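Consider the two complexes below, in which subunit A is the common component and subunit B and subunit C are the respective partners.
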Partner chain A sequence: MQRRLITTSASETYELGRRMGGNLEPGDILALFGELGSGKTCFTQGLCAGLGIPRKRVISPTYAFVHEYEGRLPVLHLDLYRIDNLEDALDLDVMEYLSRGEGGIVVIEWADRIMPLLDEDTIQVIFNVVTSRKREILVSGREGALDRLVPGEHARG
Partner chain B sequence: MKVLSIDTAGRYDFVVLMQDARILAETARDSANNSLRDIIILVDGVLRRAGLALRDVDAFAVGIGPGSWTGVRVGLTVGKTFAFSLDKPVCGVSSLDALAYEARGEGGLVCPLVDAGRGNVYAALYRSVNAGLVKERDYSAGPVEVLVRSIAEPVVFIGEAVEEHRDTITELLGPQVRFLGEGHGRGRAVGSLALDRLIRGQGDDSLALSPLYLRDPLARALGAGEMAES
Partner chain C sequence: MLVLGIETSCDETSAALVSGGDVLSNIIASQVDLHAKYGGVVPEIAARKHVEAIGYVVEEALDASSKSLSEVEGVAVTSKYGLVGPLVIGVAAAKALAYAFQVPITGIHHIEGHIFAGMLSNPQMPFPHLCLTVSGGHTMLVYVKGPCRYEVLGQTLDDAAGEAFDKIAKFLGLGFPGGPVIDRLARQGDRAAFDFPRPLKGRKNPDFSFSGLKTSVVNRFKGRERSGMPLADIVASFQEAVVDHLVSKTLQAASQRQVAHISVTGGVAINSRLREVFTEECARGRYRVYFTMPSLCGDNAAMIAAAGAARIGLGDVAGMDLNVDPSGQLESL
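On to the complex of A and B.
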């Protein structure tokens, strides 16, 4: 199942994240895909805002690899930009982070590095740059998760 | 020879102090809830109960995995640091060897299992002959179904991953399987296996000793869905 959304500004991308964040449940794992500047961190800030975590606390963890936040649910925010392959991800104990997130939320930026570790329960969010401000955002996962996270946002186009 | 063993690679953190084959003091604790930060306190407690100081220990044994990567790193670092700073020998023992050691008297094929996540396990195969063990298949990682399908004779499984995969294993292998539980003696097994090597002068270098992650076999297994050997 996949839903296609269009945002026309960074604040709309943030707002989409905030709405989804309000409906996240323990154990949700979100894998984000998209090039630099496509909106992944902006979306994650919105997602965390929806969980009651202040926006300024949420920064791209590229250099720290992982950030942890405490909101309505605990959030593990991983950024695998500097990870070249699955072996390097395993060295950083990604498996442990994925299982530790069971009671909370795991958000993974640059999740393409660890495709073999993502199962069918993972919510995949793909960010495509259309114009400098416009983004096509494809959300896929199980139907129940999509109904919960993007209610009423039916496939357009 | 007094050997202090530390194994924090699995579900339980073990600290065991042995004098040759005799246990002087030991502790085991569920490793949930970040108990690793208390590892020094666990070591201190075991030494106190035995009425000994750290400098009285003749050698150190550490579990090197496979298992929890963070757990392995903590236990190994503590053991190596003790050994290096006191200038005493250290000996690393694999989780799989330690689990198999517990089943050494069972006869036949022994398969220790350690969970590797996402339906995968770390495993090896040993044959138990006259209460000794001969390794028949090297350390490997992969889907539990693939491992189980590759075994064509009666076999004993042991390890923390056994319970989780019990149904799958029973379904595929039927009555020729026996389960020996989680392997609660692995802390002692690490000590006993280390002692065997230490009395023969086969300790490890306290700077060079490394974790047994089986990272590459696991990555290959995750990519291809097959068992991969180290």
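On to the complex of A and C.
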């Protein structure tokens, strides 16, 4: 299942994240895909805001690889930009982070690096740059998760 | 006091000996050929790589300073801010050494280390001063009231400045790390060729933002053939926007706080254009600017040892239950 959304500014991408964040449940894993500047970190800031985590706490983990936040649920914010392949990701103990997320939320930026580690319960969010401000955001996952996270948004087979 | 510093917060394994403000040794595993000497390995992000390197690095720090472990009077280790796995290795090693030799141990926030790198480089720098610490992993403006007394005035709201350099360099196909290559190439370019946005202009808070600037560069040149792009002009204009943002926000805070002394530290403090503009603008505004010496700009253990000497001197000693805090905040004493 996939749903297609359009945002026309960074603040709309943030707002979309915030709405979804309000409906996250323990164990949700979100894998984010998209090129540089497509809105992944901005969306994650919104997602965390929806969990009651101040925007200022949430910054890009590109260097640190992982940031941890405490909100309504704990959040592990991973960023695999500096990871080149699956082996390096395993060196970073990415499996442990995925399993530690059971009682909370895991958000993974640049998740393409670890595709083989993601299962069908993962919520995949793809950010496509349409114009300098406009983004097409494709959310896919199990129907129940989509109904919970993006209720009332356009459905697309 | 002879202090052994240990830093393993991210990709570097480092150990150093500092005594009374003098750096006796400062070993960073990726910069020395440990493999040739000890058969060790260059560390990476993996905790086990730090495990393999830490013993050799400590040994080399002692060797290079002609000191023995029995002479060490205190141990300082990065315990806050970084990756949990690597931090645990540094803290475990530090605790083992402190316990074995019965000397005090203290846990240091990684960013406090960078602040101390400025003081270690410029011992004459007075308090209070304003410290801009800027690297690949953080960008923070701290009002340093006294030794180990801080007020964080602003920080990045999204990407770190060094991260923006790296991502733009990679986007333009210039390689990694991006800081040095952009610094070099920018000297041949026109800084005014492209008018990239100055983030958060007009805002009173001295916070930083680099994500919009990065996106603006990417949007402008995406899909273009690399051979047809004016690379030197692009990086010169991009670097100018980053430097302008860092300098103007720092001076704005200096003016609000009425501090006369400004410390510039962290990996990005090596950038030659940043040093040039800070020097010019501070001369104009009658501020005194202090740069961290290049060897102490990147992640290193000497800065952790210096911070540790100050904290132990002020009585901030940890127990054997010292633990890591990957997302810990910078705290005052």
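Here are a few things to note about the model shown:
Basically, the second predicted complex is superposed on the first by the 154 of 157 C-alpha atoms of A that agree within 3 Å, B and C clash if a C-alpha of one lies under 4 Å from a C-alpha of the other, contacts with A are read in each partner's own complex, and residues count from 1 in each chain.
Simple rule for what comes next: a residue touches a chain if its C-beta (ideal position, glycine included) is under 8 Å from a C-beta of that chain, and two chains touch if they have at least 3 such contacts.
Since this is a predicted model, take the numbers as computed values, not measurements.
On the superposed subunit A, the positions of subunit B and subunit C stay apart, so the two partners fit side by side.
In the overlay built on the shared chain, the residue A:L86 is in contact with subunit B alone; subunit C does not reach it. Of the two partner chains placed around the shared chain by superposition, neither subunit B nor subunit C is touched by A:L138. In the superposition on chain A, contact of A:L98 is made with subunit B only, not with subunit C.
Set against each other, subunit B and subunit C touch different numbers of residues in subunit A, with C touching more. With both structures placed on the common chain, the touch criterion links A:I6 to neither subunit B nor subunit C.
When both complexes are overlaid on chain A, the residue A:L117 reaches subunit B alone and has no touch with subunit C.
The gap separating subunit B from subunit C at its narrowest, counted between C-alpha atoms of the superposed chains, is 5 angstrom. Counting contacts as defined above, subunit A residues 91, 93 meet subunit B in one complex and subunit C in the other. Residues 85-87, 90-91, 93, 95-96, 98-99, 116-117, 119 of subunit A touch subunit B in their complex.
Residues 10, 44-49, 82-85, 135-138, 155-160, 162-163, 166-167, 171, 207, 211-212, 214-216, 218-219, 222, 326-327 of subunit C are the ones touching subunit A in the complex. On the subunit B side of its complex with subunit A, the touching residues are 68-70, 116-118, 213, 215-216, 218-219, 222-223.
Subunit A contributes residues 10, 35-37, 41-42, 45, 55-56, 59-60, 62-69, 81, 88, 91-93, 129, 132 to its touches with subunit C in the complex.
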